[in-house]
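Next come two complexes, and both contain chain A; in the first it sits with chain B, in the second with chain C.
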Partner chain A sequence: MDNNTIRKKKVLLIPLDPVHDVALKILNRKLKDRGHKTILLPPDLPLEEIISRLSEINNLDFVLVSRTLGYGVAELLGRFIDMAEAARIRDKAKMVLGGKAITPQLAAELGFDKGFGEKTDFEEIIAYLEDREFLREKEELFRKKISIPSSHTYQYKNNRVKGLLNEITDEIILWSKNKSSPGIERAKLRERMINVSQDDSLADEDKVVKTRALKKEYLSYCDEKIVRFYEKGLLPEKVRKLSSEEIGKLNIYIQQQKKDVNFKKIRHSQSLPLVFVQYGTGCPIMDIAHIKTSEAWGADGVFHFDPSWGARTEGLLEGILSHEEDGSIISWENLAVIKSSLHKETIWTVRAHRGLNTPETAVIAGKLGADLTKIHMVYGSLNGGTDPARLTIDGLEAIKLAAKYNMPFDEPTNEELGGVPAYKSFAGLLIIADLALKLKAQPILKPLFCYSPDVMISGKMDDNYIDFNVAKINSLRSIIDAPIWPGEPIGFMTHSEDRVQSSLTTALHAAIAISLQVDAITIASSDEAYSRGPISLASRIDTLRAVQEAFRFLGKAEIKPTGKAREYEKEITKGIEEALKKVARRGSFVDALYEGLLGSPQDGAYPGRAGRGTVIEG
Partner chain B sequence: MEINNKVIGILGTAKNTGKTTTFNFLLEWSNLESIKVGLTSIGYDGEDIDNITGLPKPRIFVQKDNTIATAEQCLFSLEDKIKTIEKTDVHTALGRVVIGKARKEGLVVLAGPNKGIELQVIIQKLKQQKTEIILVDGALNRMIPLIYCDALILTTGASRHTDIDLLVDEIESMSRVFTLPLRKHKQVSNKELKMYQNNIVIIQKKGNPILLKGHSLINQKTFDSLINIIGNQECEEIYIPGIISDTVLKKIINKYYLLFQRKTIIINNPAFLLVGSRYIGYLKDIIDDILSRGIKLKTLYKLPILAVTINPFYPKYSRFGKDSYEAAYIDEEQLYQKMKKEVPFPVINIKGEGSTKLEMIIKKFLNISIRKNA
Partner chain C sequence: MENLDVFDSIVDSLDIETFIICHSEEEGRRIGLAIMEQLGFRDADIVFIEFLGSGARIRIRANIYKPGDSYGWFDSCNQKRDYIRNG
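This part shows the complex of A and B:
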């Protein structure tokens, strides 16, 4: 509603508190700005005097009382309301109460016409006084799904690096010609099976026949564990199907959770970074509870975390499945039910990145409308346990699928946690990013904000956690204008079993990210490193709240690193160039992976064995 | 035999003084006697946990066909329990007041009209549902809306204060105020006087009444104008339609009593005198002083007090406890005996032997002994 069309109100503001009249002063200013006539009484006047003054004011529309609640205060307010009624003030004006611990129930008990608690948005009070509907600044305004790569050009700023990458990625594409794998074949079959099920021109019987034939072929590319499930209905250990009763209740829960959510705004005056949390408790029901809670507390996006054995198994299961341990099983149905629970503006990432089902996961994610995926062959083969050749070919296919389904993908450099130095992991990161750009996909660089083994040994974080993390971001930014999303989660290896400590380090690392205005961050729950089982919702909220405070604290201010940051940045950039030179000189990306040029056993990286020898030639 | 359709309000001196316990007693009794009962509250009652102390509170359990008036938000997810009869235009902080009928027994939360005029509207609507008794639960120490009831039950207890003498003083003061005599008709009738809502009215021995700006006598300015007039005119009565404060009364006693001697101060209703007092316990002494100086005090409306119920419970602030407050009690017998000695109304410990006594009082008030005998 246009401000000019609103009837101007006469409002009397009464700070009944001896001291706490700041909120009323702010409100007074805001009401005046909107053209309302206001009278702000001095604090702590006797009730008789307030009532006297009130009686003398004509055409009063509202009386706003602010008072912090304590024992005995209720009776004081009760007497005030009685006096106002006896003095006929209530005949003309509405009585509104605001303050700490005030709820609508309490306002009703005290006899006020309306009550506002301490955390109320001033705009909500103004909307009430202006008799218009209050549109909470929620999904409409600050919960907007945005495309992370859209503000980046992907232009190189370092031509030496650009040249080396070009050489390396040309070789990868050449190497991949006429190669396939069971993973790629399954992805193609999965895509066809989904297409059949979604083809309205087909009769149901035809669908059954076609799917059966495709499934038979699909199983020829699967491990025994998966074949047993499809042929005999036997689920892997610690996996069970949710009952129809559980699913029914889950759907009711989802519908309830979608009603009237009061979303927290996590950022303050900044537009970046977006905040992501990961879910993957093993059970889709718990996952959805985590997602809905995270959304409400301000998370912009969530991503799906699957069990590690899933990455080492050829083939995917079907059905809504619960897993007794960490990681939620990737199946069409699991992902579909999770997708159905998401708020429309929540950014959803399904990670494909590291195992034998990488392309197939990308197909399912793409078909279900995931916003992002995650692919990284270097990490997946050096620390994720998958054979380098196999993951290179599968990853390449997954990148093509990501481009096809318009899913930007992030590349986590978690090999750094094993001990690989940052510059080496960045060399791998940039190779995959360059490859993606050649395949018309949109890569997102994911350096770590962590206390890595390498910096522990080299002493680069002996003084502070800022310099080296800033150096990493600046180094990448000096090479290419690409989206940067520190992960995964930020503050990795700085967390302890102490929830306060963990929340604080997460928030402090978020502060660096805010100061650097990176595109996104992933945050852990405060018990993530030590939960020894599913993480708790309270801990999940801990870090979302802590990060919200970091945004509030920092605003548009910046964190200033020491001169060391610049030194480290140069070192990293130089290291990246050196590593890329070695890979280029080797003339084979895959061999470079096997031989440790992007992370060696001395660094703590070991080429994976899952899927070794499964690349199909010709 | 028809039962008088009476409205009984429960007025407390503070939170947790036993309003809802008394209310519940009357509710259960009405249901046992098959008296058609209508229920509402001027506050928020029936919640399981106190809004402030976090201590458990008495719930409100209705029987099938009980009529209730409560806010929309209190009926959330009670569709199967309460049938909505009417959504009224009376608004509360929890939405509009709805008139409903219980389809089956169960717990309800009552949050009804928060001011007198609106309570009147709701009472009428409850009466349309052919109720035979209407119970209005009070809130905290609030009293003004309850003046539209036909009779009140006062409740007090340790939650107001742990000093028994203070509790007795307060109820004594309230008794004194509620038993002030009604003004008798004179040349200016009571009916006429009731029309003056926005002015203090000075009734002269001869000539027309003089009107003074303002309806309440709570500030120096109005008091000065009043003194000015009655000092110069021969007046008999002064009618104050709004609040009269204890400060003003004390001024009259100490400084201006000669001016007011042989004159009558008329208040609209007892509650308007009570809300004007910061310390109700002192009011009895103030009234005594006023009367002893030859000044008369009368009211235009009267409201019978049926009984006083007492409650030894209070929430004690526990500094080191897990929760902020814990339940505590004062000497029940002492409270009862002292109260009984000083107060002219039946004193009842609602949780003790007193419940049958309250039954008799209510029966008499509703005039239903005849039905029982018939």
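This part shows the complex of A and C:
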């Protein structure tokens, strides 16, 4: 409701408590700000004097009494109501009671029209006074799924970089003509299989026949491990199918989890950055427990993290599958059940980026309605283990699929963790972003907030973790107006096994992010540096709470970097241009990857071997 | 409550944080794991330990359920809550 259309009220505020009148003072200020007429009495006046003052005030709408409940207080409040009735004050104004240990029931028993407890939102009291519905700050107000790219134009600000990127990405598109791969063929077959299963015009037996034929062709593009699963029911080591009983219980569990959830508001006064957490415990049941808890503690989005062996295997498994180690298996059924557990405003991203199943994962994600995906051929082929040529052709197809299914995608520059300097990883990042724009997709730039090997060696973070991270963001912003989502997770390589230190470093990096007003961040759990066991659910809450506190602490204030940030920014931008010039001069993006122009063995980047020699020509 | 295995309500693990009087980090580790053993936890690990001064600040984790296990809380989470309320 528009504040201008609300009838302004006359409100008397009475701190019956001798000392605790802060809440009433805050409420008084908020009511005044909204144009209501208020009178705040001094604390601890005798009841007789209060009643006397009340009697003198005309056209009073509300009397708000604040008092902490304690010994004898109920009698005091009861006496106050009796006196107000005797003075006929109750006839003209509504009586409201608030304070520590006050409940709506107690207030009603004492004769008040309304009661508010100590944890009541001020807005709830104001809504009551204004006779309007209070929208509890759940999904209605702050849990709104937003499109991360929507506030960006993708316009270049650096024409030299724009020109170089144009040259490089034209070459990639030309190179890709008439090429395919087993991954692309499987993606096409997977899409057809899903279409068949969803085609209501087909009889069930026709669906079975068509699917069987498509599956047979699908298996011709798969590794032996996958073929064994489909033909002999043999699962890879440490993988098991959930039983039908477990699946039945899982569905009940999901329905229970969706009921009556109150969400914490993680941001205080800013609408950005969105906060993402990564799940991938290995087990879809545990994943859902992590997702629902992360949602409740304020995460805006979650993203699916799959096992590393999945990226090196041609083909995907089927069924609801549990895996004993890190990473949850990508299968249509696993992703579908996880999707069914999500709150409607939770942003869901399924990473497709780095392996031999990149296009097929994009198909499944798109068909299931994922909001985002993750694709990055440079990182995937230099530090993700996939052959550069194979991942270039597969990634290109995945980008087209991302555009088709309206999934913006992020590009993680995790090759920086291997030792690749930020400028080189940004050159690769921008190449893929430019390629995406040509293919009508929506890229999201994902620089790292990290203590990388390169900055350790160069000493750029010897004094602080702020300057270089700020420089990275500002460099990218000086080149293109694109969404920026630092990851992955923020503060990478600054975490220790101490949960206080770990939560704090995440929170401090979140503070840099909110200060820079980036679009989103991915945060770790406080178990980030603990590698001998699974991440605990409690450790997820640690960092969500810590980030909430950082956002509360900083509000709209900004973190001021030193003058070094500007120097580093110029250095990064210059480095990006130099790296792009070398790639453009080379005339072949794929060869540039093999030859280390975007990250060399000396930098800590090695062209992957998975899928080498599998690009299909013609 | 007496019939309820309260550990079934723990979603994954139980952390114990404390300060142990010891002469070295190694001794702190041994004591930490012994504490968990005496409490009856068979699958325990030291998540964090820092020895300084008179002892070690330590966080010890008992794994109750790992991903892929048959979770007690999942099996009957709602009935269990009712049981606790009624019991």
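Keep this in mind: the second predicted complex is superposed on the first by the 486 of 618 C-alpha atoms of A that agree within 3 Å, B and C clash if a C-alpha of one lies under 4 Å from a C-alpha of the other, contacts with A are read in each partner's own complex, and residues count from 1 in each chain.
Quick note on the criterion: a contact is a pair of C-beta atoms (placed from the backbone, for glycine too) under 8 Å apart; a residue touches a chain by one contact, two chains touch by 3 or more.
Nothing here was measured: the structure is a model prediction, and the numbers come from that model.
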item: Partner chain(s) touched by A:T281 [first = chain B, second = chain C, both, neither]; value: second
item: Which of chain B and chain C A:P534 touches, first, second, both or neither; value: second
item: Chain B versus chain C as contact partner of A:R90, first or second or both or neither; value: first
item: Contacts of A:D82 with chain B and chain C, given as first, second, both or neither; value: first
item: First, second, both or neither for A:K114, with chain B first and chain C second; value: first
item: Touched partner set for A:A289, first chain B, second chain C, both or neither; value: second
item: Partner chain in contact with A:A74 - chain B first, chain C second, else both or neither; value: first
item: Contacts of A:E224 with chain B and chain C, given as first, second, both or neither; value: neither
item: Chain A residues touched by each partner, larger count belonging to chain B or chain C; value: B
item: Touching partner for A:D170 - first (chain B), second (chain C), both, neither; value: neither
item: Chain A residues contacted in one complex by chain B, in the other by chain C; value: none
item: Complex contact set, residues of chain A against chain B; value: 47-49, 51-52, 55-56, 69, 71, 74-75, 77-79, 81-83, 85-88, 90-91, 101, 103-115
item: Contact set on chain B toward chain A in their complex; value: 14-15, 42-45, 47, 51-53, 71, 73, 91-94, 111, 114-117, 139-145, 197-198, 214-216, 218-219, 221, 242-243, 245, 247, 271-272, 275-276, 278, 315, 317, 325
item: Contact set on chain C toward chain A in their complex; value: 11-13, 15, 45, 47-48, 50, 59, 61, 63, 65-68, 70-71, 74-75, 77-78
item: Chain C partner contacts - residues on chain A that touch it in the complex; value: 240, 246, 249-250, 252-253, 256, 281-283, 285-286, 289, 322-324, 496-499, 527, 530, 532-534, 536-538
